[in-house]
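Below you'll find a set of structures to go through.
Below, chain A partners chain B and then partners chain C, in two separate complexes.
Then we have the complex of A and B:
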């Protein structure tokens, strides 16, 4: 009986939002139309990539609020580099900038010796401000469009709107990233070390797990994935503004936590995050179709975040009692 | 050498304030004259008051080893409520209800953080997000204007003078400064001379030891979040009165800046150390920084970058000091 309750709690959020999807489908049959499902698949792109990176940070026992700033910076820098460097050059430059932003976060956290989520939260928040302001200074506050470029960037257009068979290109990118990160996390020593770091830092250090390497890895991966997300994002909307990434950090954290990765660190997987992102997107889609105002959607997201964290914590407390 | 290290790590705020003042003196000419004019100094104090009022409540939570990031959300919701409720009831009642809203949210935070033992940083961030959405819904994402001169006077009035800045004439003391001083004295007394205040240090220092020593840790820590919610709502009402509008946008940055300001002063996220006096200095530093950058005519995006850098530098130092302490033990 206790075990049934435990499993039920584990998947309560999933059941709740699946229920919501069912109700929406009944009230608003448009929900399961091919156009809407295609729309959902395309929304999957940017958020899932950012959330996959965030999964590693949270599994490692830290948190990263700087992804919004990283997305802003990468988006405006990449789009302006398309003319001078060519499309491939710009793509590589964007990914490198994202990784550097992540590495700077890791450097700050390592040198200061921060071990708690709270310290990481404030340091990365400060860095988010710095990256965002750099994006604003670099772009002069203006927005860049694809049609302002010398020639149409067809590679980025393909990333944003193209299809491979029935799947969109962004979905294929997501599948590739998911496969690589899943293998990295479950099959490779460096990936396993991240889970051990998050589980118990002292125990991990004493048993010879290189926690410094884990910290550098998690933040660099988060920065790289944020950059990839930024590229998919501005390719889809064909426009890059220096505030394009606002809200991504909370949505990514929400998706990771709702998926069931625990904020205490150590437990979680990228597959759970996929579930979490699917739920967040379904929720947005349901609320849109039901005609809920976008402000109330913010409030609903906050409420679900609070609820998911509370639930996560309850599981932890009960797990300790077992 | 050791003394110098201690000065830099423990009195970060004083060092930083001294650096800013030196820069302003060194700038010379018109810049210094404008910066050090009595009008500008009073204006600076006046515009930092709301941050300080928010920081007083947050200090208690940080000393007890917690944190409150929902204050930005409480600030905007109670600010909007204080104006919208005036349509239905007399002004004093509307203000009281708006402040009570903060108390209620604080109570809810306390339930989640203390009674249910969730991680305060993330959960209060979520509550703040929720409240920002509520504020946007309430105000329809537009500024809500107030049209009651009495309400506007609460924050913009002066005592002992008429608020006119002319040569050789005492302009009086702004109401906001007086309210801040009253709150400051109350909190300083609370934390220094009551058993509640002393218990907070014990709880922040070591939660379990405090519990075994017979302190009612749950009730005391819960109370800190209730107080900080109430102070945030008070700040929201005063801000609405000062600007004569309520809007959902003021809260975005406030929560993190106030929490950083508290840490800058020397109250550490590790809990158990700090005080009201230090927090006020830390928050005044942010007011001073804003004002100095405006007088120096620094463009707003560079201001944002400088502020972010200052936040990172100071929190880096806070963590680094903790690490040194751990290594010494």
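Then we have the complex of A and C:
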């Protein structure tokens, strides 16, 4: 593949984001209104957090469909723990539960001897339904609201609607998570081990790279980030239902892949995922502003995902032996 | 066949090809004549495989012309070349493991064959024509490498191929299987089919090639009838320098016992026990599938094997996974470079450093400057040919990739180095360097377990040889004093244990 091709591939998402923003701004000036930009920033919150966690799973050569179930479970459990445990206690409990869900996935994958993405897909799909049904059993199917609590949970309100200067609190949480995860992935030994695991599990294992640790880490991170996403999500809508996380797993995977992280594992970056999420959200926002029906929006999203995978495979075909 | 040898079936003129950072072919010209076996030799990275992939349509050439069977070929695909009569049989065979022999031969052409009955009947005919007895309904996954090759050759014949390219076909063949292949090659030749035969093994080149082309660093160095090449001239032209011997002198500093392995029992291995001494190169000889690889994998903790005992330096050690093996001072060059050794999308540097991440980690953080040093040091000391250490390792030739894996372990400095087919698909020059490394490790008080399908290699390098047949150790020999055929008999399970 020639140089132009590489550049195109590497920066295609960025070009698409800019192009999309430009076109929309011209057709619909409302796009650049402060209200809309603020709206975009807030939408960014839950999805990017989940997608950042998902990035590690995909870079590690696996996949996680259980995040929707984790979000459901964490949302209803955390909100109901605010009264008995206090806000900080509930927050910590929620994050721990999410991490445990992830660790359980990893444990199942390790003990079952699953080594492929497809096996992981089915295991985590199964666990997603387990976590979701736990959420339904726990909540009895009901939805919890902030105004039902003994007193308004001001910390969660701040997470959902507060600002730090010009930035929303959820955006600040995202920036913090991004920085930590980026450093973890690119600067730390455990992050390198995860990339190597995704690049070639067998070779990594035979070189003494602890791939079991990598697997536990990627799923625990995904679970933790899903929990963080769940907290930001229910804080924003001040309501937690046991089906609040529906669709998050597919959107997160979509964002990671569209961002340019390869589903084959090994190569990818949380920064790419940020671009992927930006593109997905911008696309939704633009299509909304342009008055495109939600049915069409689904098709657009699907088409982008297929295009991203197609592009990724084309690169392999050209740069490598068949 | 009176036209054989006169007519040019394939003409390659001034073909060039570059990859990012690597110039793989530099104006290559070769003529292949009808009914000839045309040998192509050269070190790894000489450009042989790249050229063949251009011919078959996997890569596109940058410039130059290719005329095959009177037609100029510009853009082609592997599918088109097949139909045009140009077949290529890769080192890593291209068959669908989960399908039957017959289905593989006529893959995608069942309709033309009038269904499965016709497919199997025609496949039977083709296989018979090359004297292959395998059932057409057998699954390819159950076949040996040799039989798989027969299936590939039959597939090539089914397209009425005029030219068959064989890319290092003998790599995984035993002696007997090899003579069968030679027979088939002679038969194809008699039918007027041309063969391009790529190999590292000079014996084969001198055995049955009519014309030999030597390539080096992306250039054709010479093309001559076989009879006009002497062995020394060929080697010199291949490596661009003179090589005195194919093997270094045996090291002779065998000392006390370093490792003792007792009672490996699996479905495939039966009570395998052996000792390894300091300063020793221990060869494991046996057929592919006899249990050589399984034995070392069990020792290295690569497979889930329990119940055996390993002690190193007199102390019992537990090795249940490769990490524990590494910590106990073991290193492994795995059998399959691409699948088990390399992380292809990663850089040369990252591939070299991956076993020693702990060494450039401080408080969990990678110290990139130390990693860079590790990469650079081994690239230099092993003479790895690469534009720089940041290049993706998939752009390197097989021999250089193998050296990177050696470098990966040299950084750790294992006292027991297991090498499973370390010179597979590697050229003469790089082979010699790997032999020297083995010797160095042994002379520094370490030990090497060497597995190789090339008998001369094991016999010339090892201080001691164990033969394995059907999962059992059938003999222990001193290769310096016991003739090769006695050792081979033991490896074939014909008795003769000492």
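Just so it is clear, the second predicted complex is superposed on the first by the 314 of 322 C-alpha atoms of A that agree within 3 Å, B and C clash if a C-alpha of one lies under 4 Å from a C-alpha of the other, contacts with A are read in each partner's own complex, and residues count from 1 in each chain.
Assume a residue touches a chain if its C-beta (ideal position, glycine included) is under 8 Å from a C-beta of that chain, and two chains touch if they have at least 3 such contacts.
Just so you know, these numbers come straight off a predicted model, no measurement behind them.
Model built by superposing both complexes on chain A: chain B and chain C clash.
In the superposed pair of complexes, A:303 makes contact with chain B only, with no contact to chain C.
In the superposed model, A:196 makes contact with chain C only, not with chain B. Once the two structures are superposed, chain B and chain C can be ranked by residues of chain A touched, with B on top. Looking at the shared chain after the overlay, A:291 reaches neither chain B nor chain C. When the two structures are aligned on the shared chain, A:165 is found in touch with neither chain B nor chain C. In the superposed pair of complexes, A:122 makes contact with chain B only, with no contact to chain C. Looking at the shared chain after the overlay, A:204 reaches chain C, while chain B stays out of its contact range. Contacts of A:133 after superposition on the shared chain: chain B is touched, whereas chain C is not. In the superposed pair of complexes, A:187 makes contact with chain C only, with no contact to chain B. Contacts of A:111 after superposition on the shared chain: chain B is touched, whereas chain C is not.
Here chain B runs into chain C after the superposition, and of 26-34, 134-142, 206-214 or 242-250 the stretch doing so is 206-214. Residues common to the contacts of chain A with chain B and with chain C across the two structures: none.
Those residues of chain A that touch chain C in the shared complex are 187-190, 192-193, 195-196, 199-200, 202-210, 266-267, 319-322.
Those residues of chain C whose C-beta lies close enough to touch chain A in the complex are 53, 58, 78, 300, 302, 321-323, 325-327, 332, 334, 339-346, 350, 354-355, 357-358, 361, 364-366, 394, 408.
If you check the complex, the residues on chain A that touch chain B are 63, 108, 111-114, 116-119, 121-123, 125-130, 132-134, 136-137, 141, 250, 253, 263-264, 293, 295-303, 305-306, 309-310, 313-314, 317. For chain B in complex with chain A, the residues that touch the partner chain are 67, 112, 116-119, 121-123, 125-134, 136-137, 140-141, 256, 259-260, 263, 269, 301-302, 304-305, 307-309, 311-312, 315-320, 322-323, 326.
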